[in-house]
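Got a structure for you, questions after.
Chain lettering (A, B and C) follows the sequence in which the chains are written, and residue indices restart at 1 in each chain.
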């Protein structure tokens, strides 16, 4: 038992290393080193320096956005303030600034004619076909209300909030929106690295924050954005967006290399049209929504004022991507780098064994053939094996990288 | 100095390649190629074709959603339009369509009895215990209001908006919700690849968009969804969801292979119950919320109408996953593939060196033993080393893959 | 043709394996095994067990949150209920609980003096300079209203909603917010693995859910959170946050190892101040927003009550990270592990070939030199190659891992 055990231990601590053929040849040597250099440069410059292959990445950013709009404008001979034109009012990451409205005042439930020309009619029959569709301001009763005695000027009757909205009346948009400012407070966290950052430095003093406006060059960390500046950056016409509404995005991009000081982890702001994907689409330009203010008269009857609001919808989109050194991706890329350096050998072997003058000699040195050994059993093994060292032309794409444990003992020949 | 330098350069440009043993044996050769083929097939079919191992992935999709609900329904003998039943009205990615309401009109601040039977009482003492809990419509005053002279029919008195809401009154839900349509405009961007896409093609003409309704087969890119169709897909009863409310999700999934034309990057729509995880839970079925409309009488007294609204809450959830060829993951997987092909050698070595007839001969060829070389220093090295070529049975799991630079010069023997 | 074809096939099925040098030396053998052990331990313990290198990760969690606030409080001698203090009312993942308000009642459009001392004036000229800024309650008319005959007590006149808001009037905050409860229903899905989970087990009975409050130790799965408990965890003063408002985040973290039973995939709750990044900033403490309730008098004149609401803003932030065994990352890490084990050989080669007693002998065995073979062409190749076996001191960092296919046939020598 004991000798067997000892033998096992002896075998286990035997050291095995690959036998190499060393070729003293300038051409191949230089090619080899040059290919290796290219591979190393690729890994150092591209994989590690540019693609940050040694870093673990966190894109699951946690973000909280608080916004505050400021500004005053005229609409319909009234001064509009924040409570009038921002909806919803809570200062979330998505809000609308109403710039134009079609107001239909004092609506009550009842019967009245439609307003859109789609509902023109001459007989009651014309008012039955569109029953199932969802267009229109109310439910069609099936009657055609002929306002005058002549034909073709009639309108279908609807049941619903009356009078029906007539959105063809042009409003005069609130162009002062150009000077409105949006204050953005954005607090983010990269959960993987437990790094919390705010979109403006904590040492920014209050008076600066109250007076600055964002500018990519001069005030890159001022968290106050002028609507006019954003529209200008987007090449968007103020007249058009104020009249028909639109959607703009403020993208706050956090691209942080946390291998450096966390103070360098700062936001970048980009502006975008949220409907950029539909730029060339004929359908659905602008942005509008309907809301109503409800009133009750002294006698308890409910009535409302319907607003079709054309608004600039602003969405603050926060995206983040932080990287920090981590052993796992680093090691994987490092091992890939080392292994790739070995590719140079493949390349040089091809040259050496095929296109070089002494190719046959190199082959003879690199490959030792063992064939039909069983038949040569009678000869001395060393003669046999020496005899089998031949120049070989064979295909091989093996790496011979691994050889896992064999632990039995085989007695020495002699 | 110069010769040393020259020597260093000569050594540096020496080319080293692994010495191989070539075995001309059909069994092992075929096994080797077959195992290699399996490994190559695994990488080509699974890693690269199925798992897209050559692609960099972007899951940090930036998305903007705009929605618009259309439809008209009856509730409480009134015609309800969008301004009445959609909350919030701005057309964001999350909104509620109110289908049923418990309306408590003309509430004013004051004292009144509770309505829920939990607040039944016989003496004032019964009305003190629940003080700390948050159930109930107002703050308990501690009095028990005995409406009639008999016992057990009393109710605790509360301070708050009176009269208290009695939500046991059944409403008649607005079943027309079945025919309501939801228009969804979704614009997304993959920031890593700077690809912007919309959920319907820009060449879709306006008349189609205004008349189509989504159907997975016939109209997969129509951005208008019928509520009834969604409920049907989810096997959800219209009666139940209209009465008690519910939560449905419209998942827009962007799975894009950006190696192909970006035009192939199109959305897929899935419908889901947002409370699917709580399907078997006894608690909290349905969805409702409370809101109030505030009025002021001529004398300045404020009063309100409280609404307990049962609604279908719709959330548009956008998820995305784009892949594009990138050198870093491609190279890592390629190197892993090449290295794995070497595993075939491990497998074949085991067969060849253990289970094959001429195993001993193969071992003699593959392994060259060097042992106690120091003691054999007196002999000529070549005799010594030749003598040390023996059949070996030793454990080995080394790969011998790397050997880093040694640059000193050692003079040739002899 | 046929013999050539046969030859090609014969060559293709030749098996090639690396020739190894086996060193029976205790020192190097033990060092080799020890270094290999370290590398294996690193991969097993760190890469696979700690960093879960064998798992595919999904961080693109899909989440739906439903909230419901309960509680009653006093503000301004009125009882406030949910419909009064929660905005928006729909129970989304982000909402505000109003705890304090500056109420400016009965505003109508008109002219009136400003209220803030920034608009103090003595002459009309003082009221022209701030025209372009967005501070103030209305649009400056340019007039200075001298209320009294003496100087310096005047105020600029504005056009807008009058009377102007005077937010210096201190309110008495609703401190009962401490006892308010927030019920959170969170349903998540990991799209990659198609796993749906809810934040409380479906076997939790309704009575428990209605009465419990969350506690990290005793009730970790109770979905009801007491506001006072959250503030306590955050070391936030109730008095301050109730008076000036604030922002708190409830982070629901799903960290799931889906290799185990999905029942173990449970949420963790964390509380955070959303303005944590601005803790040391002098600017912008607290949280407030303005909204208005609109009324119409019998004669059709619109008036409103402006509210500057100080609120506790609550955001439910859901983040998730699920891992599940996947062949691709597993294989990449496994191949990296195997390849790294080969690094032990590099290390041992350095010791063996440089610092060991018999270094020269080892070199002679490991490296076979081939140089100037072309010149030695006349000699018998085997003599020549034997003569070229020398002790070498050369730099080498090649792995010799790959050698791709060469398929031409070269006749055997002699």
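Remarks
Convention: contacts are C-beta pairs under 8 Å (C-beta built on N, C-alpha and C of every residue); 3 or more make two chains touch, one makes a residue touch a chain.
All of these numbers come straight from a predicted model, not from anything done at the bench.
Matching the C-alpha atoms of chain B with those of chain C calls for a turn of 120 degrees, to the nearest 5. Under half of the residue numbers at the interface between copies chain A and chain B are found on both sides, making the touching surfaces mostly different. Put simply, the C-alpha centre of chain A and that of chain B have 14 angstrom between them. Among the residues of chain A, those touching two or more other chains are numbered 12, 14-25, 32, 59, 88, 295, 298, 332, 336, 338-339, 342, 345, 349, 365, 367-368, 392, 394, 396-403. Of all the residues in chain A, the ones that touch chain B in their complex are 11-12, 14-26, 28-30, 32-33, 46-47, 51, 53, 59, 87-88, 94-96, 109, 132, 134-139, 159-161, 247, 249, 251, 253, 272, 274-284, 287, 289-292, 294-296, 298, 300, 304, 306-307, 311, 313, 315, 317, 319-321, 332-333, 336, 338-340, 342, 345, 348-349, 352, 365-374, 377, 381-382, 384-385, 392, 394, 396-413.
Chain contact summary for the complex, chain B toward chain A: residues 10, 12-25, 32, 36, 59-60, 62-64, 66, 68, 70-72, 74, 78-79, 81-84, 88-92, 105-106, 179-181, 185, 187-189, 191, 196-198, 200-206, 209-210, 293, 295, 297-298, 305, 327-328, 331-332, 335-336, 338-339, 341-346, 349-350, 353-354, 357-365, 367-368, 386, 389-403.
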